[in-house]
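Below are two complexes that have chain A in common, paired first with chain B and then with chain C.
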Partner chain A sequence: MKKKFKLSNLYLVVIFIILYVPIFYLMFYSFNSGGKMYDFEGFTLDWYKELFQDSRLLIIVLNTIIIALLSAGISTVLGISGAIAIWYVRKVYAKNFLLSLNNVLIVSPDVIIGASFLILFTFVGIKLGFTSVLLSHIAFNVPIVVLMVLPKLQEMGASLIDAARDLGASRWDVLSKVVLPYITPGIFAGFFMALTYSLDDFAVTFFVTGNGFTTLSVEIYSLARRGISLNINALSTLLFVFTLLLVVGYYFITKRNARPIGLGARK
Partner chain B sequence: MSTSTIIRFENVTKQYDNDAAVLDNVSFEMERGKFYTLLGPSGCGKTTILRLISGLVEASHGKIYINDKLVNDVPANKRQVNTVFQDYALFPHLNVFENVAFGLRVKKLKNADIQKKVQEALRFVNLEAYENREISEMSGGQRQRVAIARAIVNEPEVLLLDEPLSALDLKLRTEMQYELRELQRRLGITFVFVTHDQEEALAMSDEIFVINKGKIQQRGVPTDIYDEPINRFVADFIGESNIIQGKMLRDFVVQFDGKEFECVDQGFNPNESVEVVIRPEDLEITTKEKGHLKVKVDSQLFRGVHYEICGYDENGNEWIVHSTKKAVVGEEIGLYFEPEAIHVMRLGETEEEFDARLEAYDDQGVENGN
Partner chain C sequence: METRSRNLYLIPYVLWIALFVITPILLIVYYSFIDIHGNFSLINYQKFFTPVYLKMTLSSFWYAFLITAFTLIVAYPTAFLLTKTKYKHLWLLLIIVPSWINLLLKAYAFLGIFGTFGFANAMLEVFGIGTKQILFTDFSFIFVSVYIFIPFMILPIFNALDKLNPTFVDASRDLGASGWTTFWKVIVPLTIDGVKSGCQVVFIPALSLFMLTRLIAGNRVITLGTAVEQHFLVTQDWGMGSTIAVFLVIIMAVIMFFTGNRKRGL
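Here is the complex of A and B:
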């Protein structure tokens, strides 16, 4: 048995090395006192210090986080409503149609979405900047939240709602006391996914951002174009670690979701 | 209608879109404080009746009264009835106490009252010590009790039970049958119990409604339903039966299997075609000479309390016999039965005509085997 899996394991290891080595390479040299991405001279945290002294960069970080939190929050609310709406649709083909429309937005290239938003915003007359970035982030986050919340809704038996109605619950009670608590894990998962998507989005933001407003990924791109500075490495390292933390958080939430259907005791 | 009537259906029909009616022009009354069972095969409309009472579905036509008040337009959350669902539908995000308290909380009762009532309800179903358990930590039988407690804590006038025992194993199911019956007596409220299990229905009910294809076929106390089934469907669905074509020659004489037999049925036209029912336990195995019928034993199954023997007579009719005595496969045996064991069914008779005919016998003072 072991021999049989050796080759596939090797393949897997190679693939992971190819994927992760550039990232670790970049992270490694963020601690290089030499100032170059070769010839490791000595360990230093200077690049990180420089990073934290750069107030412009800190503002950009803050912008990015604000955009991420706001867009994830707003799109979670919209996404929940959307998921509940799709869930309520009785006709199967109408349901599938709506779901497909939702999924198309997830798989369609960011460039297309970014470009179309740029056209829309200039056409409507929205000034490019904070508002336009926020709006477009909300737009591409909503389908993700819908996709995360809908399975939880479908897993919840219709009889739970019947039972709540039977026990005297009004429509609002049903929503707030039964449906929302039940789908809470899905809501958290959706929120975290939206947060990560928003944090690392480059293409859409690049299109719709304007003068004086920029997010981290766009900033890193422009820094990288100007020339090599290990600032970028330091910044990328921090970003990577942060995203890693989000993924770990997401993992624990989905693990909680994975308990037996209908028996998942949650508090 | 009498004052003891609690639920009344008047010509109620339920139809989804343009499909055939799930429930077809059904009328009935249910009395306060009785245990009713709606019995029928799956898809017969019994659960629809339950959901119409609880208000989870709306009638297409007809009127539904609860307590003499028309409730067609009263939503489910405003009706004084509660349901125990087939899958229990307990809220997985709440513990046992909060599940039971749900109905009281949405009615905004005071915390102290909720505490008291929930504890009382849990004591009623023998779950005092389980308040803080999560639903996932409860066994099937315990969940069942939680579901019952959650329903009765609201003090409904009618408790609806939608096949609540079907998910339990046989031993637990039998136990719960006793408990439910006992619970109904102690609470003194009306129970409407839905099942497809005829034994359950016969054991528990004050009255059974046998339902098929969206219509009530027959209603009555368990013994009547069992002993005097109105038609082939009821005879077949409730217990095992031998059903055979026959002819009613005159009152008290029926012909089937090429022979004439004395029976206790009357009120038929001379030479009317009928169906004859004889229950397997009413057939007695005897010698070929003593028996009314000669049957060749084809197969035999051991059922625990009895043997189920299947055989064919000389005309090719199948006969099932329940006997504590063993038979020998391949051997010819005689079957003996009393005149009272024969039940004659008129073809296509409605429930009203059937009841009228039965009453006519009683008026004449004819001694009826039951």
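Here is the complex of A and C:
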């Protein structure tokens, strides 16, 4: 029995190594003065210097962050209103219908979302660029926020609102003093998920980005297609650190709520 | 009064659904009937049922199947062993972290690892096998895809295993079932929903990932997703691209129907 336990630990360790090796491989060679992703010659920070002098890339990073923050913010507002609307709907089939429509964009492959949005923007006449990327990020973030907020609303129960109404609260009071404070953890989780989805997205952005405007993922793709350049390694090291900070932040937010909301639907 | 406030919330949300969920689907369907010259025709559907496209669809399915199968084989034991560890939620978080790293960076890492002078070939050299072409092969495509999808498969299976009441396992053992029988007759049936949703999360994207086929498989593997991207952004034949997209949506709906209806299934 003891030996079996050790074997299982070994399996987990191997999986962890496989999952993390590529990431650390990238980070390790970002310090290589040799300029290639093999034959580590010597330690250098040149690639980081080059990265920070590359004003084009810095603008792209800024674009990516602006898109992520704006789309996460707007989609959070839309998502909250959507979640409350779904929650108010009493008929079961209407509720299920809305929920299935909500889930369409979550389960659709990115290529389809990207292609159909490309058609949509061309059809409506929106120029491809900042606006189209922002709109599509908002669009695919809304259902995620809805799914994060809805369980909190269902947890709340209708009697709380009835009580507030009976005690003379206006509609606005009910929203701002009862509903929103109760669902705040869900709102934070939704905003956070939207942020990471937006930062991570490649395929949808790739379709609707046009010529002038680029986000980080699209830029990495076009750089990687040209071959290996250690700038990308340096960039990925910084991104990894940033992601870790986000994860730690997310972990503490969910920890404070005593149960992990984002990590699967745990009841 | 309640209806009025409900409608107030409903309006922006329904507008969003109409604009970004329903309209795009209708547009895709509409464009699938438009040929490359902008006329209404069924030529795209005719083209889809020629051997070229059918073969591509089949091979796309085959790759997606292989990717899903390998991911499941790796992920199930991992999820199972994770639930047995002491700080399981911390370990789970550590498994999830790599999935939050940009997918393209992970693919890019494998360009280095599988390259001619990369880590993998250096290892092969050490074991005396010698340098091999690893990048731009089926193996590298499937390996990298499985690598990327593992966390997404582990998550739902972990949740299912975590919810499993351990007394069932104890009861099964007390009643004389072997560890193997307990696993196949008790644990697997009770966690099959997690497996189903895991397969769903992996299979559908595996049909449609195009950046991996471009970067890792060097255009050798053409999936349905690659074909859609090709038609939309390279050859500018939106009609044909939409037709393939329509079929992808149909396939997706079928898969969802078979793996998704948990409540009715039980």
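Brief remarks follow.
Keep this in mind: the second predicted complex is superposed on the first by the 249 of 267 C-alpha atoms of A that agree within 3 Å, B and C clash if a C-alpha of one lies under 4 Å from a C-alpha of the other, contacts with A are read in each partner's own complex, and residues count from 1 in each chain.
The working rule: a residue touches a chain if its C-beta (ideal position, glycine included) is under 8 Å from a C-beta of that chain, and two chains touch if they have at least 3 such contacts.
What you see is a predicted model; the values in this text were computed from it and never measured.
Of the two partner chains, chain B is the only one touched by A:Y182; chain C is not. Of the two partner chains placed by the overlay, only chain C lies in contact with A:L26; chain B stays clear of it. In the superposed pair of complexes, A:A164 makes contact with chain B only, with no contact to chain C.
Once the two complexes are overlaid on the shared chain, A:L244 sits against chain C while remaining clear of chain B. Look at A:D173: by the touch rule set out above, it reaches chain B but stays clear of chain C. In the overlay built on the shared chain, the residue A:D54 is in contact with neither chain B nor chain C. Once the two structures are superposed, chain B and chain C can be ranked by residues of chain A touched, with C on top. Chain A uses residues 260, 263-267 to touch chain B in one structure and chain C in the other.
Those residues of chain A whose C-beta lies close enough to touch chain C in the complex are 8-9, 11-12, 15-16, 18-23, 25-26, 29, 36-39, 78, 81-82, 84-86, 88-89, 98, 101-102, 104-105, 107-120, 123, 136, 139, 142, 146, 171, 196, 199-200, 202-203, 206-207, 216-217, 220-221, 224-225, 227-228, 232, 236, 239-240, 243-244, 246-247, 251, 260, 263-267. Listed in rising order, the residues of chain A touching chain B in the complex are 157, 159-160, 162-170, 173, 177-178, 181-182, 184, 259-260, 262-267. The part of chain B that touches chain A in the complex is made up of residues 54-56, 75-78, 81-83, 85-87, 89-95, 102-103, 105-107, 134-137, 150-151, 154.
Within the complex formed with chain A, the chain C residues making contact are 1-2, 5-6, 9-10, 12-14, 16-17, 19-25, 27-28, 31, 74, 77-78, 81-82, 84-85, 89, 91-98, 100-113, 115, 117-119, 122, 147, 150-151, 155-156, 158-159, 162-163, 200, 204-205, 207-208, 210-211, 214-215, 225, 228-229, 232-233, 238, 241-242, 245, 248-249, 252, 256.
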